[in-house]
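Structure record follows, encoded as structure tokens.
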Amino acid sequence: MEQGIICAGFGGQGVLSLGKMIVYVAMEKGLHVTWLPSYGPEMRGGTANCSVVASTEEVASPLVSTPDCLIAMNRPSLDKFINDVVSGGMVLINSSLIDIKVDRKDINVYYIPANDLALQHANERSSNIVMYGAYAKLNGNIGSMDEFEKILIKQFGKSADKDKIISAFHAGYEEIKV
Amino acid sequence: MEQGIICAGFGGQGVLSLGKMIVYVAMEKGLHVTWLPSYGPEMRGGTANCSVVASTEEVASPLVSTPDCLIAMNRPSLDKFINDVVSGGMVLINSSLIDIKVDRKDINVYYIPANDLALQHANERSSNIVMYGAYAKLNGNIGSMDEFEKILIKQFGKSADKDKIISAFHAGYEEIKV
Amino acid sequence: MATYHKSNMLTDTPLSFCPGCTHGIAHKLIAEVLQELGQQGNVIGVAPVGCSVFAYKFFNCDMQEAAHGRAPAVATGIKRVHPDKVVFSYQGDGDLASIGLAEIMHAGLRGENITVVFINNAIYGMTGGQMAPTSLIGQKTTTSPFGRTVERQGNPIRMCEMLASQDGPAYLERVMLTDYANVLKAKRAIKKAFEYQIAGKGFSMVECLSTCPTNWHMTPVQACQHIKDNMTKIYPLGVFKDVGGAK
Amino acid sequence: MATYHKSNMLTDTPLSFCPGCTHGIAHKLIAEVLQELGQQGNVIGVAPVGCSVFAYKFFNCDMQEAAHGRAPAVATGIKRVHPDKVVFSYQGDGDLASIGLAEIMHAGLRGENITVVFINNAIYGMTGGQMAPTSLIGQKTTTSPFGRTVERQGNPIRMCEMLASQDGPAYLERVMLTDYANVLKAKRAIKKAFEYQIAGKGFSMVECLSTCPTNWHMTPVQACQHIKDNMTKIYPLGVFKDVGGAK
Amino acid sequence: MQVKIDFERCKGCGLCVNACPKKVLCIGDKSNKGGYFVARVDKPEQCIGCCACAYMCPDSCVEVE
Amino acid sequence: MQVKIDFERCKGCGLCVNACPKKVLCIGDKSNKGGYFVARVDKPEQCIGCCACAYMCPDSCVEVE
Amino acid sequence: MAKKLFKGNEALGEAAVLGGCRFFFGYPITPQTELSEYLSWRLYDVGGTFIQSESEVSAINMVYGAAGAGARALTSSSSPGISLKQEGISYIACAELPCVIVNMMRSGPGLGGIMPSQADYSQATKGGGHGDYRMLVYGPSTIQEAVDIMYNAFDKAEQYRIPVMILGDGMLGQLMEPVEFPPLKQMPDPSTKEWATTGTHYGKDRRIVNSLYIVASENEAVNIKLQAKYDLLRKNEVMCEEYMCEDADIIITAYGTVARICKSAVKALREKGIKTGLIRPITLFPFPTEVFHKYANSDKTKKFVTIELSTGQYNEDVLLSVMGKKPVEFYCRMGGSVMTVEEIVNKVKEVY
Amino acid sequence: MAKKLFKGNEALGEAAVLGGCRFFFGYPITPQTELSEYLSWRLYDVGGTFIQSESEVSAINMVYGAAGAGARALTSSSSPGISLKQEGISYIACAELPCVIVNMMRSGPGLGGIMPSQADYSQATKGGGHGDYRMLVYGPSTIQEAVDIMYNAFDKAEQYRIPVMILGDGMLGQLMEPVEFPPLKQMPDPSTKEWATTGTHYGKDRRIVNSLYIVASENEAVNIKLQAKYDLLRKNEVMCEEYMCEDADIIITAYGTVARICKSAVKALREKGIKTGLIRPITLFPFPTEVFHKYANSDKTKKFVTIELSTGQYNEDVLLSVMGKKPVEFYCRMGGSVMTVEEIVNKVKEVY
């Protein structure tokens, strides 16, 4: 099994830490992982993204050119990567900020109103957590809900907003009906 | 015809200009020439030397490793180069400062008391001119006495010591009995 | 009552700076001054390496992008070729006071007839918040994570003072881009600097205390206040050199 | 009545300087001071690139030969490894004030606890008499053949003044190596500089106005007089910074 | 007097808001393509045309006429 | 007092000669291996032991005892 | 020991500390700045020294001083900054000082971009500075490998008294992978460093760190000594991975992170029935010439395909090793663009 | 025109002026300082500008500025100083600015010595700086040739918008030979330089001199453009002397002043009945690969012998050109020592 993931969005949307949390879950599971950010003078706004690979074998190439899974937090990110997704792959879309529908029929697309759910359960900065929940639901082979939650608690255990964040995670998780 | 010459001595003895004057004579004669100084942080005393090549053909290598002619103005210079002189070559020795005799039998050695003659005819700084005169006498194939003198006049024509310098030249010239 | 329009010496390209970064103010002051002095079609600018590396996209004139710290050398090369053109360099504190210290000082000593706009924001913005030679004592940066101390990281560098210690510079002033009044003062200083160049008086530099809200971890408004409250203690405002009428 | 013997902090190797060059005086003053301070077996020196490039042959202690201008950086590397050892750099004006300007200034700003002996002879000796940043106005050199002018070659650089404009240096003095009385003064300055280092007070530098009879085309005695008559006008002697008892 | 703000250029930094002596401006609740909440002219009638906002805007988004 | 000059080390620069307040030294007429005319103690009896010559000698050739 | 997720730059910093580095001198530049940021606190933890120098030129000369004083000193930069260090590196090589230099290559020339590149290969392996010197150059392809190399780099540097360069690229610096760190190294006794100016010497024993040899014969002797050292490296220090080469018709060759992409391509090609292998030099100087000889002389190997992020700099060494015995095909990307597995697969299919 | 006796360094200065150079920025270093000393008065004579910059780093960046402003700008140095210019050269190459750089090589590494060397060959021809750039590199062997090359160097630099390097050595710089100077060149109209920031542009027409391409695809495009230019050079600019090669059993190859010594050796060897020839590249980049091909493929040629003042830097290009078709023998001296004619004769006899 090898899954290549791209998480992409605006600078402040937490896509890099979203990717990192997925990596941690996969690591706990004993999978081989890599995490590669798009780096650069992105301090000044613009888009950010990272490539994550989780695999049962050693990861040869950390570059994800044809993702099995795309998490798109804003419109430019969706446009940039949608055509690269492998046939049969999955796409998680932040429908709070992306108001179009994907017309590719060979992939599984999920629309998650991440900003809305985040505001509802925690705060505006938690939209990535909502997506993390949605990803968890769809990727039982990477880890169980508990395993995803464990990593979340590790990350935010000491935060005052801990409970809200967990609630945002569950909201994302529940949003996916499979 | 190709002649390789090394002029060598103390920093202040004018060996570089001696070599250069020989070059000018050869140039006037239509010969191909090169002049290569030993350069370096020699500002602070020490020895100086230059390699001169005069040839009827284009000069391939400007480096004189086995001189046809050595002009040695002091003892260290003589010691350094004497064994490199080609068999049948000539060596001009400033006997004012060099009190030994060369024991190689396959070369022609001339002893010229250059400092003494220079002091006698001009000044202490003209020992190189004396040697120039001696060289002129021995190298009619490079130029006649007049041709050598012409170059001298070009160089020192405006000097107050012009006549003395020419006299030193002649002293060197006459010193060689052939 | 007045009116305000974007200067025609700025292109329409959106600036690449973070929200509230006063690099943008410095850019527009230069543009306004050059416009007011009627220098359109008479200017060559030099961009540095730093957050203002894209300055060549923003100034509406001929531009050269220099290697990190070498803008004064590049500007010297340009000015010697076109002595009748206005030549300026725009540099950050890492660029000018760290890697490029020899270049700026020797341009000053040569009395090179150029204008330098020096953005002192006490940090390396472009590379993500490392210590600058101008960082304040106590300032936490990504390479002085416990706060700068004299013992560990040495003293903040004062460029106006350093240049003023030598013959060569014609005009040196330090200003801050923190509020309306001071921005107007800064503009006057920049204008004077260019006027000196046009009059052939030699090297002029305006040091602008400038914010880096992103790497200071402050809001733009807080950042301006920080300059007033803290930076000016180490970097006092004022004119450090002015040859006035003399050449 | 006194006695005089060659210092044991000098090797027996004959110095490589021209006759009458006061580089030699500077060398022996350093050696004498280190001997008097009992620092044999406690010193690391840094030689520059310039006529004193062979300093490593003459000082009777551990030595490193640095790249042109980088002696302060090399000395910094050394001092950080051996903070309890006396570390000094010896540099000419091309080395220190031209190519190595950023290095010396930043060593000063860091308050690097080293001692710098700076030989200002207003010329590039080693390479045969080119203009130095310290060359006087009017001075003819092989690269300012018509005499240095402010317009063409810019202004002489004043290093003590430049360093004194900043926080960091603990002790800065300018002396001249022209005569007995001034040589004794120079020795006191050099001694003080090393004492400050030993006391941990930070960066110290002694600028020595020094002769280059060869490239000034003067006799050694004339050259000393030239310093007194002309160089001191641009480079006044004196203490430019002294933190005294404070650290 | 009329104050205009370039909606797409504005980065919502608030320096104009802070600069205005008459509190004419505020940060609005609409974000532009860059994702920034853009400054808005809240009380145009109070504008005295001092141009403080325009001078302080680093991105040259404010025009005063 | 005795003033000694290292014959081979001396470069004949004359700084010692110039420094001596009592004109004890002069440049001699003998040259060493380096080709330099070496300084010479001309009037040893006049030496007052001030060491000015020794301090001024760049090549540390002068010993005073 | 449990593996930790680490960014390449930071992992290199940690490995340097564990390997005995106590001195860092450097100047920020993307994409390697995290290395210095990490060491800015980590070195204080272990009583070391971190200096953000005024420039890259200064940094390399501080390294010279510290290394000459007997310390384990590190500097790190990326392409333009490494260009500025060339004079200093040449000095260090000639003075035979041990140190470690990291270059996280970004795309050039000039200011260029900050994306991965391998276009400083010739500079690193053939002397970007003046004179006939070499560094011991490693081109790790995973963070674990980079850590292991860095951990031992100072030992190698001191063994041969040579500057060691770790040549990575932006991707290696920015990538995160789980990595296992070796234990903190016991330091060798510093008094065994017979080159070091420790300030304790006086008179005849005194030590000199130097690269000036004004007499040609002396300078030649130094060069002969250096060349002998480089021959020793060629004999003893070559490291190279051979991956599925035994039965391969086509051998891909690449180094660093690019070799990882090539490994994926080898797998993909073999799935398609094309017997492909990979030669991945780990040391770039000394170059694994013998490995290439072996396959160039083998009847099995039909062709080589060089893959790199520069326009043939690495390929020159491949060509010099294969020496016309087999065709060498070439594919590269430039300017920060990185090839995909598919591109490599297609290239191999095209020349198959 | 009568020939004048000129020192190599000064002749290069004069030829630069005659060839249109009006701006010099440089820093003294032996053995090339006479070049700048000469220009310090000569350029004033012709209304040009001479600046002794504060360092080599500054010099190359002044050249960048002046070249970008449309001028014919020159800088000159020797090995350590050239190392310091590497970043700047990479910038100039990427910004596609025309300029001329002289390197009078001295022996290294480090501070080394000041005697002749050829150990900056790789640095000059393969990019001592970062990134995939090249210069047009000439290796003249006589002063007359150096003059002729310098005279046209700015034309070439502007034609291709490329930095041109004249790679000499201490011997070439210090040597005096009679030389004939061409006439003062009529300058091309500066307004034809479409790259130049002359300060007269405003708005859409404005010109930008730049080497920053933050988007990888744009940076790759720049690199592709550069590579195309280098291919053009390979096609059009190769210069090479073939001396008595036609019937030669053994072909010596060398460049620069070393090739002169080799010429003497060829004559001496032929006198001894050993049919020897000489291939002497005049351009080092582009390298005269085709010339080597011709003889490598000829039945007549038995062997090549490379002679150089470095440890095989030049020989690498020879090997890459001969590509194993004939044996290539090698002889070098290092550290400022120069081989004699006899040494070369002996080497050839030994391998004959």
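Should a chain be cited, it is by its letter among A, B, C, D, E, F, G and H, assigned in written order, with residues numbered from 1 in that chain.
FYI, contacts are C-beta pairs under 8 Å (C-beta built on N, C-alpha and C of every residue); 3 or more make two chains touch, one makes a residue touch a chain.
These figures come from a predicted structure and were not determined experimentally.
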Q: Indicate the lowest number of steps between chain C and chain H, counting one step per move to a touching chain.
A: 1
Q: Give the label of the chain whose average Cα location is farthest from that of chain G.
A: F
Q: Tell me which of D-F and C-G has more C-beta pairs in contact.
A: D-F
Q.
Can you work out the whole-Å distance between the CA centroids of chain E and chain F?
A. 83
Q. How big is the gap, in whole Å, between where the Cα atoms of chain D centre and where those of chain G centre?
A. 39
Q.
Suppose each chain is reduced to the average of its Cα coordinates; what separation in Å results between chain B and chain H?
A. 35
Q) Cα centroid separation between chain E and chain G, in whole Å? A) 52
Q. Out of chain G, which residues touch more than one other chain, so two or more?
A. 30, 54-55, 57, 80, 87, 91, 95, 110-111, 114-115, 210-212, 214, 338
Q: For chain D, write out the residues touching at least two other chains, lowest number first.
A: 17-19, 53, 65, 67, 98-99, 101-102, 106, 110, 126, 128, 133, 153
Q | Of all residues in chain F, the ones touching two or more other chains | A | 11, 36
Q) Which of the residues in chain F come into contact with chain D in the complex? A) 1, 8-9, 11-15, 18-19, 36, 48-52, 54-60, 62-65
Q | Complex contact set, residues of chain C against chain G | A | 49, 53, 65, 67-69, 94, 98-99, 101, 124, 126-128, 130-131, 133, 142-146, 153
Q) What residues of chain G sit close enough to touch chain D in their complex? A) 23, 25, 49, 51, 53-55, 57-59, 61-71, 73, 87-88, 91, 95, 197-203, 206-212
Q | Parts of chain C lying in touch with chain E, wherever the complex brings them together | A | 1-7, 10, 14-15, 17-25, 27-28, 179-180, 183-184, 213, 219-221, 224
Q | chain H to chain B touching residues, read off their complex | A | 3, 5, 30-31, 114-115, 170-171, 174-178, 257, 260-261, 263-264, 267, 338, 340-342
